[in-house]
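Next come two complexes built around chain A: one with chain B, the other with chain C.
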Partner chain A sequence: MAGSLVQVATNTVTSAVASVTLTGIDSDDVYMVQTVGVKSSNDNVELRIRVGTSGTLDSDSEYDYANKKLRADTTFQNFGYTNQDNWFGMQVGTSTQEQFNSIHYLYNFNNSSEYSFITNEIVGIDTSATCSGQQGGAVHTVTEANDSIGFLCSAGNITSGTFTLYKVV
Partner chain B sequence: MSEYGYIPESPAQSFGNNKGIFSPNDIYDLTRADKYTQYGQLDLIESVTADDSVAYYDFDNLGDYDIHFITANNIQGASTTAQNLDIRVKVSGTAITSGYHFGNQLGSSNGTFSESYSNSYSQFYFLPNVDNETNATANGYSYIYNALDSKKYTFQTFQVVASQSTHTPRFSYGMGVYPTANQCSGLRVFMATTGNIDEGNITLYGIKAYS
Partner chain C sequence: MSNLRLINESSGSSLSSYSVQDVFSSDYDIYQIEITEFQQTATFSGGMRFINSSGSVISSSDYAWARLSLRSYGSFIDDKSTSDSDIQYIVGSATTSPLSSTGASIWVFNPTNSSSYTFMMFQNVNWLVGSGIAGSKAIGVLKTTASITGFNIYSTGTMGSIKTKHYGLRVDS
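Moving on to the complex of A and B:
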């Protein structure tokens, strides 16, 4: 099984939910999360990411991140923030093809003595109907073990999308 | 005795939750139904080794995946003209040559950083500065999203590293979309300007997800 992905959890949203939590991080391996076709009930909202402890998403103000926002129609932007209560994914909305697709690698989530790290590789159609993406990294600055990761919107619900957690072994 | 050695009723089977004693036929049937636990969700679909015989490789078997993963390793072109190795989607067997959008961040070891973008491009952006210099190669990966979903656009992200004398070692990462909702029949990896793919390995994987 060397060099393989092992599916740990998956959730396909077919009716509106406030958040999606993927659990099962129980080793010091690197984990990967993929999301496909994520949409929201409300227009022009943020798709956000949080770590989870015992399956409950942490809403503390310990989320730091640095992302480069790429667009297909204009110059790029830098996003760097500390002490937020979530990691920013990207703006999503309700138009037909507005959606969020991403790959994230998770580091040290299971290690109670280290911060939890994540890399972001995101692409979608944003609220201005433009191809947009984010590439960057983020840290949850708490020395705790996180067994889960979750996705939610800044307002309203997630209405569709498939979220899958893999262990990289 | 019912299926899987159980009496009188066979239990429900699903990924990560198989119960019973399985015959080869059981395993075959459950695998086809995506209900048999087989760890290892990075499925190799096809790998090619370039040999300077063609300017592109078509991957026409995409299997059944939400996300595909392409790696390109040790790529050199046959031409001395530095150019991209890029990707096109194929629809009904034809490589699509227009209508792509992309954004790309580039950084070089000489300290130069730049960005490029377009909402009218003829392919997915992938490996930059591929040519035929000694020790100048390009390497990277790309994820392709929704290629098989007829109701959704096809998206791409990528990250690469390349070395070439004029441009010095550099990284590039970015994203793109083919903003037409249709089911792709394949993917083409090709030299964007001229000449064949001289050497290197290009591999297509599917990332398996069990429901």
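Moving on to the complex of A and C:
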């Protein structure tokens, strides 16, 4: 395959944290984030994603996304939203195998004249105990440079998981 | 050096079951499998199964999967199963020409972690002679905590040829 993945930052959660922020986006290259085994302390919460500026996650209402939710148990769903205060990742809970695994490609994060875009490829076990995931994309509609990306739950903490940021070169 | 490390590659021809063992290990939590060449000479569809650390292909009904099928010649299709003996539609189509082919990229999460299910996602593109282009965006899981060390591509007919490359995604702590 073309190109290489060079690790920029990683964080393995072994005790509960409110959020995980990966920093170090400092070029106009494409970046990729991989997450594996992400779990939450609270049941039936949203795993959310935000961009960061100077390492602080942005909580403004400038997040738009369009995802197709794939489910093993029932009809697929379309999720299209504008002006949210986060990008929705997946509904997760506290049952043993409920978890979030994902791949995201990051575009234009370092460019202060462009919006920041990501793609979403997500698979896990959700709060209905079924295999589900999302495929789609998202944008943060602010012309600013973002040096980081972060993950958090709608309530409670992230209790486990590995989050790694790579530069695609 | 890239953190995406080529572990090995494999190939086969004129077979209905393609197994690659000893790919997954404790060295990585995330793997990428690329199907770099695939041609079929018979009518079939092919699914993916995992191989446990004893070398056995797991064919129990512990797989769940969901696939959005994107087609140039018809409406898109939602396919899914909560209990299946494989993760369907990795390769293959209903046409028999050697020109019918597949390219695919598969990601596998936590295969050797014996406290976690093994998750995967894939996307592929297929050319179906007489019909057109069809692709998949898909997810799947093996709902057991067995330690998984390899994979199998299983078909209902004979695969003409197949080549795969296997990568591990390294995390430097």
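Observations
Here is the rule we use: the second predicted complex is superposed on the first by the 167 of 169 C-alpha atoms of A that agree within 3 Å, B and C clash if a C-alpha of one lies under 4 Å from a C-alpha of the other, contacts with A are read in each partner's own complex, and residues count from 1 in each chain.
The rule is short, and it goes like this: a residue touches a chain if its C-beta (ideal position, glycine included) is under 8 Å from a C-beta of that chain, and two chains touch if they have at least 3 such contacts.
What you see is a predicted model; the values in this text were computed from it and never measured.
Annotation for the three-chain superposition on chain A: chain B and chain C clash. Using the contact criterion defined above for the overlaid structures, shared-chain residue A:Gln135 touches chain B and also reaches chain C. When the shared chain is aligned, no partner comes close enough to touch A:Asn111: not chain B, not chain C. Once chain A of one complex is fitted onto chain A of the other, the partner contacts of A:Thr53 are absent, as it touches neither chain B nor chain C. Looking at the shared chain after the overlay, A:Ser19 reaches neither chain B nor chain C. Judged by the touch definition given at the top, the superposed model places A:Gln97 against both chain B and chain C.
In the superposition on chain A, the residues of chain A contacting both chain B and chain C are 1, 3-7, 10, 12, 34, 36-37, 68, 70-76, 97, 99, 101, 103, 121-125, 130-133, 135, 162, 164, 166. Chain B makes touch with chain A in their complex at residues 15-16, 39-42, 66-67, 101-105, 115, 117-119, 143, 145-146, 149, 152-153, 155-157, 159, 173-177, 179, 181, 207-211. Those residues of chain A that touch chain B in the complex are listed here as 1, 3-7, 10, 12, 34, 36-37, 68, 70-76, 97, 99, 101, 103, 121-125, 130-133, 135, 162, 164, 166.
Within the complex formed with chain A, the residues of chain C that make contact are 1-4, 29-30, 34, 64-68, 78, 80-82, 107, 109-110, 113, 116-117, 119-121, 137-141, 143, 167, 169-173. Chain contact summary for the complex, chain A toward chain C: residues 1, 3-7, 10, 12, 34, 36-37, 68, 70-76, 97, 99, 101, 103, 121-125, 130-133, 135, 162, 164, 166.
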